[in-house]
Structure formats: structure tokens, C-alpha cells
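Given below, in the form of C-alpha cells, are the structures.
In the two complexes that follow, chain A is the common piece, with chain B as its partner first and chain C second.
Take a look at the complex of A and B:
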């Protein structure tokens, strides 16, 4: 039976099936992208797994968070990272106390007041500072604090070097957050007869707060693991030292570096334990950042 | 309270570019003046010079005088912060402060100026919200964030915020252009109410709106791209829309261009 002219479709269908070539390319791309994702994931998971497997036993020992290594022999399974944990936290917090206010104020200057050459110079300097390797920052503070001022090595010197590393990150993130605040809000505030400084303090900063807090906490988490400053600017100590201005003070990276020369099984366990503690500490800071930004985030409901 | 506003020989510049040339106009008290004209003709720019908001833009500068009841707001030694407290502004897009509640938004102007008396702030908040025809809709959720309201309610919140500081003049820069027709109607009714107490200047792209809400209308136009905008004519709204003095005005309102 033949089809008549009337029974034939007037036009060929508009939509075609996927051609084999496109299907093949689609599969190839999917496989490549998934593979790249897996390859990127492997070292991360591997690293975490290694640290957890080799270090968890140290963390569950009752003395780990409550005792230093005072009077503990190198091959003895005893003592803990109490002194190093205090050192890391103290150095990072002192650094934050200095770097965060300066960073926020500098960002306010750049966004709200900065015009002309001084603003360009500041931006340029912040860019340069963010590219400075940590060892260079450490050597600079060494040259300034110890060689020029003639002061002793101390945890405070470490904090100063960390400030150099943290400052550009804080300035950058605050600047971004302040620029995200719509100009309309500033104008709305001016239109009510509110002076500029009060507009910044009461309208602009609260609006950008959650981002500023997150940025600062992430910057803090980053400097926690910095190793070069603690190698150059402070000595190692087996026991706790609460004074940041005087004497040796161990931090987690310094603790790990020191135990690296301890070949015993106890030393190995301490290295992995301290590494795991450091990772958990950074995670904790990131978690706190998330929680704070969640709470200070702008609510619309 | 409501004051008259006179602009004399305003020349307004952004850097080297002259945006507006030779504008002279008078705004009587308790009266609505509408600025109409095609995009880029400088209506908003003129409006922003009337409360020194213009100079917030870097590189912007003004020549000429703006007199508030005879007092030049550009005279040396005049604090722009004082000027803006006396001459309020409502913007094109509703911009409540996102970190503040509805009530805090309304009393922001007073509170940030240092008023702490709680009962007075409560009273002002209610009066301003009633004045902006918003009280009935939000009185049960004053502590909810300002961003939780609809666009039209947010704009009325912004008007409440502006009138809470009791300005002498209220400037409105296309206050309805981001709103739907029902919200627009609500704002227009509100303008009719507000003009009993305030001097109002409103920029609008909507000529029907200008015809509906204003007592006098100013038509701005520009000769071409890169040319400064000029005030073509200002007259009673009825006259502008029925029998304008200039051909350009006639062409614009009858939809022949713009």
C-alpha cells in the first residue's frame, strides 16, 4: 500500500534524536570531569585518613589535652600537647587582636574614604603584603624585633609576624564585604541627616558584619598552622609558659617539628596526634565562623 | 514645618561633564511639584542637589543657590548633615536598613541622632507609620525585619522613616518605579495626604502620575547626548498637560518623543 500525498507529513519532524557523536562526547566529558574530581579527592581523603589513623590514639589518652611534656622522656608514652595548644591559641589570638581592628579600619578607609594616591598605595601595599612568604615575614620581624630593638625571642614576636600574614587577608575580605553593602543604604542614612561616620558604624558595618566575621575567622584559621615564624622567632619548650612576652613557648607546628627528630614510637605518635589536633583546631575555627555568620546574617523573615 | 524651596541658576557637574545647566525654579510650601522629562535630562540630578545628596557622588559639584525659606543651603559653613535632616529623601528602590526591624527602621533617624527616650521613640514610630498608611499592616509585627515586607510596604516604610525626622521638605526620586499598580496607588494616596504637612518634590517617569499627584510640573529636556539638561518650563500641572507654553513640552506629553 502506498501513501498518498495527503497522508505524508507536511514537513520533517523538528526535533531529532541525539546523534551518536554527541552522545559519545557527552559520555567522554562526564567521565573526564568525574575522574578529575576523584583525583582531586584522593590526596585529601588519604591525608585525613592517615592523620586520623596514626594520631587518634594520642588524642584519646587522658593526658593529651591536660599535660605538657614536662619531665616526660622522649620514648615514654606520656604527657600531651597542653603547652603547645596554649601556645598556638595565644599566639593566634594576640595576632587577631592586633590584625583584625587594623584590617577593618584599613578596609573602611579604602571603601568609604580612600580617593587618590594614598588609597592606591594602600591597595598596592596590601597586594604586596599578601604575596609575602611567611619565612620573609618571620625574618623581617627577627631583624626588627631582635636585631634592631635588641629584644628577646618571644611568642609576641611570633604574633607580630603572624599579623603581617593575617593583615592583608583581613583587609581584602573586609573590603569585599563593605563594597557589597549597597550605596543606596548609605544614601538612605545620609538622607535622614545621619553623619557619615555614624552611617558607617551603625548601618554599613552591621550590614557587612557576618562577612567580616567569617573572613577574619578564616584568616585566623590560616595563620594557626604557620610554621616559619615559630621556627625563627621563639624557642621550643617542653613545659607550659603562659607569658607571651618572655621565654620559650611551644605551638603545635613547633611541637611537630621538634618531635620530628624523635625517632621513637612515642615521638611518632605525638607528631600524628599534634597534626590531628591542629586540623581539628582549624576545623573548629571554621565551624565557629560558620555559626557566627549564621547568627549575624541578615534576616528577612 | 513645611518650607518653600527656591533654586537659582543651578549648574551641576559630574567632574568635567556638565549634567544640568541654568535651572531656576520655585517650590511653594504644602505643594507637590513633579519633575518630568526623558531619561538623562537631569531631573534626578536636580532633585539630589536640593538636599546636597548630589555631592556624595565623587567629583560632583554644584554652582548656584538653593534657598530654603530664603536660607542658602550651599552657603559656606552650612553642614550638609543639617540640610539633609531638614530636607528628607525617598529613593527609587525601597531601601530599608536590612539589619533593623520595622520599628528600628522608622526611628533610625532619631535614634542615630541620639534620641534615647523610649516612649517618645514608640510614639514617633506609631505616628510615622500611621502617616505612611502602614500602621494597620505592620502594627502586630514591628520587631520583624524590614526586609520581610513586600516591595510596596517597604517603600511606605521608607517614607515613614523619612517623615519620622519631620523634615520641612520631602524629595521623592521615582518612588513608584519599582512597584506594582496597587502599591503605586497607595503611595499616590499617601502623597496627597502628606502634602497637607510637607513640601514635596517628586521625580517621575510616569506622566499620568505627575498629572494625578502634582500641583505644578517642571519639564526637563536635553538638546542631545552629551549636552546638559535644561528646565524647559515649569507651570501649574493643569496648564502643562492641557496647554503647555513650549512646543517640546507638548511633544513630550503627547508621546511624540521620550
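Take a look at the complex of A and C:
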């Protein structure tokens, strides 16, 4: 009897119409949720449009990427961000050279070796470190490097502060990638009698390499925009300085902050031009990261 | 289910078993390898463990160095560190307190959180449940684009563009709701919008991508059979979301918000550029000026020379460090039980 009932095709009365209340609530939720997304687009579009409209003229000026502000008067439409661009890239690269190896090794420890209280403590501390505000990291390096060791302010001190900010990001992303490496690969390697360290270096790391590179690029992109450490740990300079261990060195954020107090039209153009350059630089690093991950994701099959 | 699937499908934080499993393997291997003494293994083990320790030591050192640099100044402080609003480190006699910095920091961060939380929740739901599959990825990149904007650029935009633009809104709020303490007259002029309100709005925009990205990941992990079950029972889309996605992702969302709060508490340059300096104590209004812990330290950074005045700012930094430490620890403890269940 039941079978015959089921064999009959369902007719409209079987599916009750939704009550108006439920329908209304459903529509309301859809509208609100879509609205939230649109609200988020407002500041994004507004901000990017402002930066592009006010800054593009600086970028197309012939000296922008090839000259510093050496000998340029505050209200003079001349010079460029060559020195600041160098400063940003140099500080970020020095930071990456220190942070990436430590970060990868720490991630290997957490994934391959870590257990017990020390591993739990390390995981906890990585979380805490990722929440340390950049100004606190800068103050710490100031207290250690300048006030305790008695060393001068320098771009290298900035890099050290940036290491503290970059490390947890590298560890997190690297850890995730290492965990994605199929366990069979490790087992196959062990079965061949290969020592654990060699398995990690020759099998696990190469498999996860693209993900690790991607994570490091993203971490680098984040560090490029940090302003607090450069305010505390290095002085502003109008001209280029190649030496990261000595003297003042300008980076893009410091350049923007310094020109921010320059009320002339030239100063305004410079801050928006530098802001646009900085955003493009960060986006470039993000883009490279995405491309790398797109082309060589871990084969989970 | 093969072991690989298990490892891959296991969400982050649930790997303790995997870890111990692998650890067990390592032990066996070590036992066997004891006689030939695999030097490579031991060196590598020490190397990685040391790198892990570097992070632990870094945190301990941060707390330790800030503390020893702050204590002499705290002892020399001639006023109450917690309740005085002045921060005077010039002229030989130290008189500094953190009352106003604490008020400004907390008010701006909470305002940012209140604004950013519902919008982030909406975006995360939109991207995971509502947006068409083909477009969701692109929309997600758009939101991530916000995270690519450095805070100094947010500061520029906040003080030169947004502040003046929302000044009329602030005037209206002040005129209409001025009886309510949070909207009463502040200690700086409303002109230009250099107050906590503007700072809070800018911070909220900066928090959107942070809260959204974590929440999105959690929502995406909602068990499909729960979602399909709800739909099969005749739930509307919203009822499905309310009964499956939201309960599943609630703790993740709250943890993400706490992470965002930690970020907002420590934000330096954007707040420094936006807030006008105040010459009278804060009256707990959104239209106050002043400075947060981070912006106060950054604004004085060029004058760090004498140990005692510098120590006063380091003391402020220490408070900020403790504040973010507590917030992040809470975020972690909220997120963790959820992961264990998953």
C-alpha cells in the first residue's frame, strides 16, 4: 500500500508552500548577507580609487623609480622614491633571509618531531607571537639592540623587528604545507631504509616546497607594509643608503609618513604616489605567491 | 579510508595523534639506529628543536626586556601609573599614567569590532553559502585585496579622505545622541574627524579581511551531510544556515574576532595619523582625541634617548603586550575545543 503511494508522482499539495514569514526571513537574510559584501566593497573601491587618482601622476614622472629626493626641495616636483624602494626591499629581504630558514625548521620540528609539552608550548608561542603588535616588536628590539647592546639605529635593527613579525606567518603556512604531504611518501622512504632527516630533506620538503615559497612570499608582503618598526628603529633619509648596518635608510612607509607632514602640492603627490607604489609592490608579491601555488600545488592524489 | 585521507582531511590542530604516531615511528627508528648512531638524524633533530625554541625564547625575552627597562621608570613615576591621564616624561620629573591611552585603545578597538563583526559574518556567509560558485573565488580575492593595503595607506585615507567625509555624520550623531556618554562632546574639535570614531571605522575596515578569512575557512568545513539534511527536511536557505553553518562555525567566528581585536589594539600608524592630540582627559566619548598605546609610543619614538623617559614608553608597551597576550590566549582557548571536536 505504501509502495503504491510512493509510486504516484508527488503533487503540489505534498510540498507545502512556505509560509510568508519564513519566506520573508529567508529573503531578508539573503539581502543582508549580500549587503554585507557590498558594504565591504565600498571602502575598498573608495580607497583604491583615491590612491590611483591622486597618485598615478607621480608614478609616470620620469624620475620616480630612478631618483631619490636628494637635493630636492619640499615643494619641488622632482625626484622619486628610488631610495625608499631600495630601503623597503633591502629590509624585507634581510628579514626574509633570517626568518624563512628558522621558520621552516621550526615548522619541521612541529610537524615531524614535536610532541609533549615543548611542542605544545611552541605552538602556543607561535600563536602569541603572531599577535604581538608591530610596535611592541619594535620596542623590544629597541630595548635589546639599542638600549642594552648600545648599538646605533640602523636598517638591520628594523629587519630584526620584522623577523619577529614574519616568523609566525612562515611557521604557520609552512606547518600547514608539511601536514599536507601524504604520509605514504614518508613511509615509502623509511621502508627503503632512508634516515628520517634525509627523508625530510629529500622527500618531504621538495613535495611541500611550492607551498612554502607561497607562504613566505605572503609573509614578505605583509612585512613590506609595516610602519611601526621603521619609526622606532631607523632615521629618515632624503638620499640613498646602501648600507643596512649603518646610517639612516628610508623605506616606503617611512617615506609616506615623512611626506605626510609636507603640506605642499608636491608633498601630497609624493605621499599618494608612494602609497600607490607600496600597494602595487605588495600586490606584486601576492600575485607571485598565487602564481607559484597555482602552478605547483601538492598532488594530494 | 586510507591513512592519507585521514591526514589530509584532518583540520589543523587535530594533528596531535598524527604527531605521536610519527613520533612513535621515530622512536622505533632511533632504537634500531642506535648502534650505527645516525649523526645526521641527531643534528637535524637538534637543529629543528632549536628553531622551535627560538620562538619560545623570543616571547620570553620580549616580556623580560620590556619589564627590566620599564621597572626603573615605573619606580620613578611620581603619579599613579594606572589612573593618571597625563603622560609627562619631560623636564626631569616623570609623571605618567595610562588611563587615557587605555580608554582610547579600548574604545577604538571595540568600536571597530562592533562594526566589523556583523559585516565579516555576512561576508563569510555570502562567500561560502550564497555567492554563485563560479564567482565566489573572485569575490574572495576582492576581500583579500583589502588585506594587501598597508596600514599607513589606511591612515592616509582615513585622515585625508574618510575623516572629512564622515564629519557630517559625526556632527549629526553628536547633536542627536549627545546625551549618551559615548556620543557626547569630545575633548577635540569635530572638524576633520580626528577622533576615536574615525579611527574605529578605519580599524573596522582593516579587520574585515582578517575576521572574514578565518571565519570563511571554518564555515567551509561545515559537514555537508548536515547541510543536506537540513535542506532535505525542507529548511529554507536561511534556516539551513542558522541550524547548521552558524552553530558549527560560531566558536571559530568568535576566535577570529578576538584575533581581529588583538590586531586592532596594536594598530599603530593608521591611528597615529588619524587621532588629534588632546589636552584634557578623555570623557569616554567616541569624539575624543588622544592616543592609543601604540600611537603614543610611535609618536615619541624620535625622542628615545634618556633611559628613564624611554622606560615610561616601554612600560606602556608592556601593558599593550600583556593586553594582546591575554586577548590572543582567549582567542586560542575559544578556537581549540572546536577543533578537537571536529
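Here, the second predicted complex is superposed on the first by the 266 of 301 C-alpha atoms of A that agree within 3 Å, B and C clash if a C-alpha of one lies under 4 Å from a C-alpha of the other, contacts with A are read in each partner's own complex, and residues count from 1 in each chain.
Quick note on the criterion: contacts are C-beta pairs under 8 Å (C-beta built on N, C-alpha and C of every residue); 3 or more make two chains touch, one makes a residue touch a chain.
Small disclaimer: the values here were computed from a predicted structure and weren't measured.
> With the two structures laid over each other on chain A, which partner does A:293 touch: chain B (first), chain C (second), both, or neither?
In the superposition, A:293 touches no partner, neither chain B nor chain C.
> Determine, under the contact definition given at the top, whether A:192 touches first (chain B), second (chain C), both, or neither.
It touches chain B, and chain C stays clear.
> Please indicate which partner A:203 is in contact with in the superposed arrangement: first for chain B, second for chain C, both, or neither.
first
> Is A:128 in contact with chain B, with chain C, with both, or with neither (first, second, both, neither)?
Second partner only.
> Look at A:110 in the shared chain and tell me whether it touches chain B only, chain C only, both, or neither; answer first, second, both or neither.
In the superposed model, A:110 contacts chain C only, not chain B.
> Name the chain, either chain B or chain C, that contacts more residues of chain A.
For chain A, the partner with the higher number of touched residues is C.
> Residue overlap on chain A between the chain B contact set and the chain C contact set?
In the superposed arrangement, which is not itself an observed complex, chain A uses residues 115, 182, 184, 186, 190, 195, 198, 300 for both chain B and chain C.
> Spell out the residues on chain A that touch chain C in their complex, using ranges where they run on.
So the residues of chain A in touch with chain C come to 18, 22-23, 25-26, 28-30, 32-37, 39-41, 43-44, 46-48, 50-51, 101-103, 105-106, 108-115, 118-119, 121-122, 124-140, 142-144, 146-148, 164, 167-168, 171, 175-176, 179-180, 182-184, 186, 190, 195-198, 200-201, 221, 224-228, 231-232, 253, 256-257, 260, 271-272, 275, 278-279, 282-283, 286, 300.
> Quick one: in the complex, what on chain B touches chain A?
My answer: residues 51, 53, 56, 58, 81-82, 84-86, 88-91, 93, 95-99, 108-109, 112-113, 144-145, 147-148, 158, 161-162, 165.
> Give every residue of chain A touching chain B within the complex, in rising order.
Touching chain B: residues 115, 182, 184-195, 198, 202-203, 206-207, 209, 298-301 of chain A.
> Applying the document's contact rule, which stretches of chain C touch chain A when the two form their complex?
Residues 3-4, 7-8, 10, 12, 15-16, 18-20, 22-23, 25-26, 29, 33, 38, 40-41, 43-45, 47-56, 58-59, 61-62, 65-66, 69, 118-123, 125-127, 129-131, 139, 142-146, 148-154, 156-157, 161-162, 205, 208, 212, 236-239, 241, 259, 262-263, 265-269, 273, 293-294, 297-298, 301-302, 304, 307, 310, 313-314, 317, 320-321, 324-325, 327-329, 331-332.
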